[in-house]
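Naming follows writing order (A, B, C and D), and every chain is counted from residue 1.
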Amino acid sequence: MEVVVQMVFGLIALFILVAAAMVVSVRNVIHSALWLIACFFGVGALYLLLEAEFLAVVQVLVYVGAVSVLILFAIMLTRQISGEGVRQLTSRWPVVLVVTVLLFATVMTPTLINQQWNVPPAPPLGTPEPIAGPAELGRGFVNEFLIQFQVVGVLLTVALIGAIVIAFEERARRRKVLTLAEELELKRLRERTTQTETPEPVEAEPVARETRPASEG
Amino acid sequence: MYDMLTALINGALGWGWPEWALNLLSYILIVTIVLVVAPLQMLFFTYYERRVIARMQDRVGPNRVGPEGIWQPIADGVKMFTKEDIVPQAADRIVHFLAPCVVVAPTVLMFAVVPWGPGMVPVDLPTGLLFFFAISSISAVGLMMAGWASNNKFSLLGAMRAVAQMVSYEIPAVLSLIAIVIIVGSLSINEIIAYQAGLIISNRDLPGVPDLGLGWFVFTPVGFVAFVAFFIAALAEGERTPFDIPEADSEIVAGYMTEYSGMKFGLFYLAQYVLNFLLCAITAIIFFGGWQGPGVGWLYAQGITPANPNGNGLFNVLAGILGVFYFLLKTYIFFFVMVWLRGAFPRLRIDQLMDFGWKFLIPWTLANLFSAALWVAFTRWGPAEGMLITVGWSPVLRWLAAFVVTLAINLGVYLWLTRVYAASQAERRRAELEELSAAA
Amino acid sequence: MTASPFEIEIPRGRVIEVQRDDTRVRWGGGLLRGMAVVWKHWKESFKLNRSYSQIHGTFTIEYPEEQPRIPEAYRNMPILLYDDETGHELCTSCFQCERICPPQVIHMTQAKDPATGKPVPAVAEFIIEYDACMSCGFCAEVCPFDAIKMDHEFELSTDDHTRLTVHKEQLLRPISYYAKIAPTMWAEVRESALKKLQGNVRRRPDVIGLAPQLTEKIAARRAELAAQAVQAAQAAAAAPAAPAAAPAEGRKLTPEEKAAKLAAIRAAKTAQAGESATPAEAAPAPPSPAPAGEAAPSADKAAKLAAIRAANAAKKAAAGEAPATLPVAPADGMAGDTPADAPPAAPPADKAARLAAIRAANAAKKQQSGDGS
Amino acid sequence: MLNAVPLPAVLTLAAALFCIGLFGALSRRNLIGVLMGVELMLNAVNVNLVAFWRYFEPRYITGQTFAIFIIAVAAAEAAVGLAMVIAVYRHYATVNADEVDQLRG
């Protein structure tokens, strides 16, 4: 049984790391986002393995269902959709690589040298199950962590409003193309003005502003 | 289902088998059953929808293949299988191939927590409802993949619409379910169904109500509002007609499915109908008691249950049959309503859809959440929780008070919201006209 | 916020103008009303609706099992009619349909008398290209003899394109068929069509104008003709002027017929001469005298026809002067009526025919002289 | 799980994930790529929290609670960050982090 768990853990770990490596190295941004989703799934599976069932479901719900979709959306809204052939890494990426590898090494070296983790011995048989249910979490949120919970709620609201404010654009500014009716009106007006022989060339914009409302009636 | 199957396998194979083998065998059996039933439901639903919508349009519908055309979906399937699978040259081949799988897999996974009858749930997760919605949101990723990988503007537009729609309507759907979860106090789907025993009034809210399996949530003001909001959101999630903007064939060919053919297209189709089935099923489960109905509870009490290991297995089977009958009946009725809505209403515009979701449904369900809290306070809380008004009231009075208060709140909020929403829509139209005339 | 809906009564009913931007709160009632409409349609659709006056119910006709009830005036592809009893086609090859056909898919050849080479009011070959026909029905409308009609048959699909070029044999249908598919429409035209047919049949020699697929009818007709020839030969033998008109050719023209024809031709020529003498009159021909009467025995038929033709020619010549037509009219009437009144196969028929011809010729001459004076 | 896989293994995995995320956040040119790197780092932190919860204090929900807080913060960060990316794209017509070099709007 333990071997099975070890194998499963190894597979999940490998999957997470490979997916994460692909996220940062793939040229195509969309592929990168898809690998990110795979990575989120791997982390969710890891949570399941760690018996944090609720958290695994939340991970899927929030990360896969919301965050990654948001990322995909943002990629597609920014138009340079695939970006294939474009260099995706900055020119200083070798430096960054060295820095991150060094960081990893500094973190890992003490671990590898002396495994002085204060790990309690494996619980004997018959120990109570870990608490991971939504009911306990909910109770925690309204008792112990009430302030934090409120703060997170406010943060989410602020983030929602902030995102709307930042990304919002005036509707009038958004539409840069005239409708057919508007263009027709414009053309007619231009013809009329040239017939009355206005000496200076008529620009489109000022004329358009004087137009009667085309859509009413 | 699991307990029944274990009992059956035990009876058939004797007690000599190790437990893990029995577990494995029963799970494999359950998965097989689910994987067979899911596409069958889809096949039936395509036929059912076509027949019903035809009747609504004074037509007959497919009636050529087999008696009354019941083999029509099979003929369609054969056609689908024999079609050529075309991948556009400019498409991203791997993602294009993966997208249908990513769309179908979650819909099949969602069957894992759907109870078909008493004791007939494949996996009774304590977070079943959350699991259901978490998994359903994965298919949005598949849609995005399909839309992008096809390298077609219609596909991309369709995918963007689909995902925007699914993400925005998940919120009212989940909010309306949370109202129910507050009342039940559990995310387990079995718990939610068990709560709905009773007669018009749930016998958990009002102990002593006879159990006819009719204590559905839809009979309470909170449940009714939640039901309406959830069903509308489910229509949007399942891309049913008033909200079928992502695959609006008159605008963007077939949305994200445009560049798919053959069995890949069939898989999208399958996912869509299976999702519709599941949404109808979850509506039936959460608000209409799932397999609850007259007789099921009594029959199941006679059978082998964890509480009653000495029961008669025959009653298990009878309760299962009756429960599945009630459950499927309710599900099919909801699908009928979906088709009915399709027959009645034209497609919304994307901005109308977003406005309706964000400016009407979400406030409405939020108010309903408040009502649900009040419902719990009136029916269950005592002075220990700080509910001092109801001290000394009889359960009937408490239930009545909860009913009246929540009804008043929900009705008032509804009327107020409709007025505000209509006014905002009119204002918006006016602004658009003004803007148009300013631009012209 | 909004005015009450504007209402007005018009002859077809009441019109209510609804303002779409209605901001009054409706509590979703409109949605429910829409659903109620659909529900009613669903519920009623289990009843069959065949009256078309209702908007509810199933209208679908499950076609191969259930044939659609085609209205009488339905038109699909043109067909030709022939008389059930005699087997004579109604078509006289007047070329009206060929001329009016918008896609020009009608083609026909006029039948010719093999003896004289003169055109006969019958059609030798008639072709309609069904593949290009647009079913406008102009041909049926324009046909003065009601010979071409629109069929109700619509199962025309075929994998053989050439089969859609339809020849006379496939086009011909008996009158009874048309009377079955369009009873009232046929009843309206029956009288005049049959009358015209009688007139035409008289001018058709031999088996010309008989529907070609009716072999037994043709055979019967041939036998009848042969019998008449024999009878005529006997009669000729009895008559003193027999050797003068020996039936040298294979044609079975009796000497009487020949004589009559000759007289008629002569009469026509004089009439034409009269016509040329007065070039001023280019008036259109007045309505031709209706050749009434049932089928006369064909022994004297040719003679009669010749007489009529002569009379017609005379009349045409006379068309210019109104008073001059007066004496012609009785002659015509006599020419037409005498054989009709005569009992069939009566020996004096020949004489009457000849008389008519002569009278016609006289009338023509008189006309001429009238012109001259 | 507790007996089969030692805690250091899980933590090593989290550290590796964090470093990969850091690399992505620092070296990507695309703003969205940077955000994705940040998401990876947050996930690594979550893995750490859950692992410590599971191995040390399975009877207390603190570890999970904080993981959930982090998920919420990550969602907020993604929403605001992507909104900013879109705003930047609209203004500069690029999502290249190196080309966005003005503070003035």
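What we mean here is this: contacts are C-beta pairs under 8 Å (C-beta built on N, C-alpha and C of every residue); 3 or more make two chains touch, one makes a residue touch a chain.
In this text, all values refer to a predicted model and were calculated from it rather than measured experimentally.
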Task: Pair joined by the larger number of C-beta contacts - A-D, A-B - done: A-D
Task: Closest chain to the centre of mass proxy, which here is the mean CA position - done: B
TODO: Starting from the mean Cα coordinates of chain A and chain D, work out the distance between those two points in Å.
DONE: 10
TODO: With chain centres taken as the means of their Cα atoms, state the distance from chain A to chain B in Å.
DONE: 27
Task: chain B-chain D separation of Cα centroids, rounded to whole Å - done: 33
Open item on the list: Rounded to a whole Å, what is the gap between the Cα centroids of chain C and chain D?
Closed with: 92
Task: Residues of chain A whose C-beta touches two or more other chains - done: 54, 58, 66, 73
- [ ] Quick one: label the inter-chain contact graph as line, ring, star, complete or other.
- [x] line
Open item on the list: Let me make sure I understand the interfaces: which chain pairs count as touching?
Closed with: A-B, A-D, B-C
- [ ] Under the touch definition given earlier, write down the residues of chain B that touch chain A in their complex.
- [x] 92, 95, 125-127, 130-131, 133-135, 137-138, 140-141, 144-145, 148, 156, 160, 163-164, 167, 170, 185-187, 431-433, 435-440
Open item on the list: Quick check: in the complex, which residue numbers of chain B touch chain C?
Closed with: 52, 55-60, 63, 340-341, 343-345, 414-415, 418-419, 422-423, 425-426, 429
Open item on the list: So in the complex, the part of chain A that touches chain D is made up of which residues?
Closed with: 1-3, 5-6, 9, 13, 16-17, 20-21, 23-24, 29, 32-33, 36, 39-40, 43, 46-47, 49-52, 54-55, 58-59, 62-63, 66-67, 70-71, 73-75, 77-80, 83, 87-90, 92-93, 96-97, 99-101, 103-104, 107-108, 111, 115, 117, 119-120, 122-123, 128, 130-132, 136-137, 140-141, 144-145, 148, 152, 155-156, 158-160, 162-164, 166-167, 169
Task: Touching residues on chain A, where the partner in the complex is chain B - done: 30-31, 34, 37, 53-54, 57-58, 60-61, 64-66, 68-69, 72-73, 76, 81-82, 133-135, 171-172, 175, 178-179, 181-182, 185-186, 208-209, 211-216
Task: chain B contact footprint on chain C (complex, rising order) - done: 21, 23-28, 31, 34-35, 37-39, 41-42, 45-46, 49, 55-60, 62
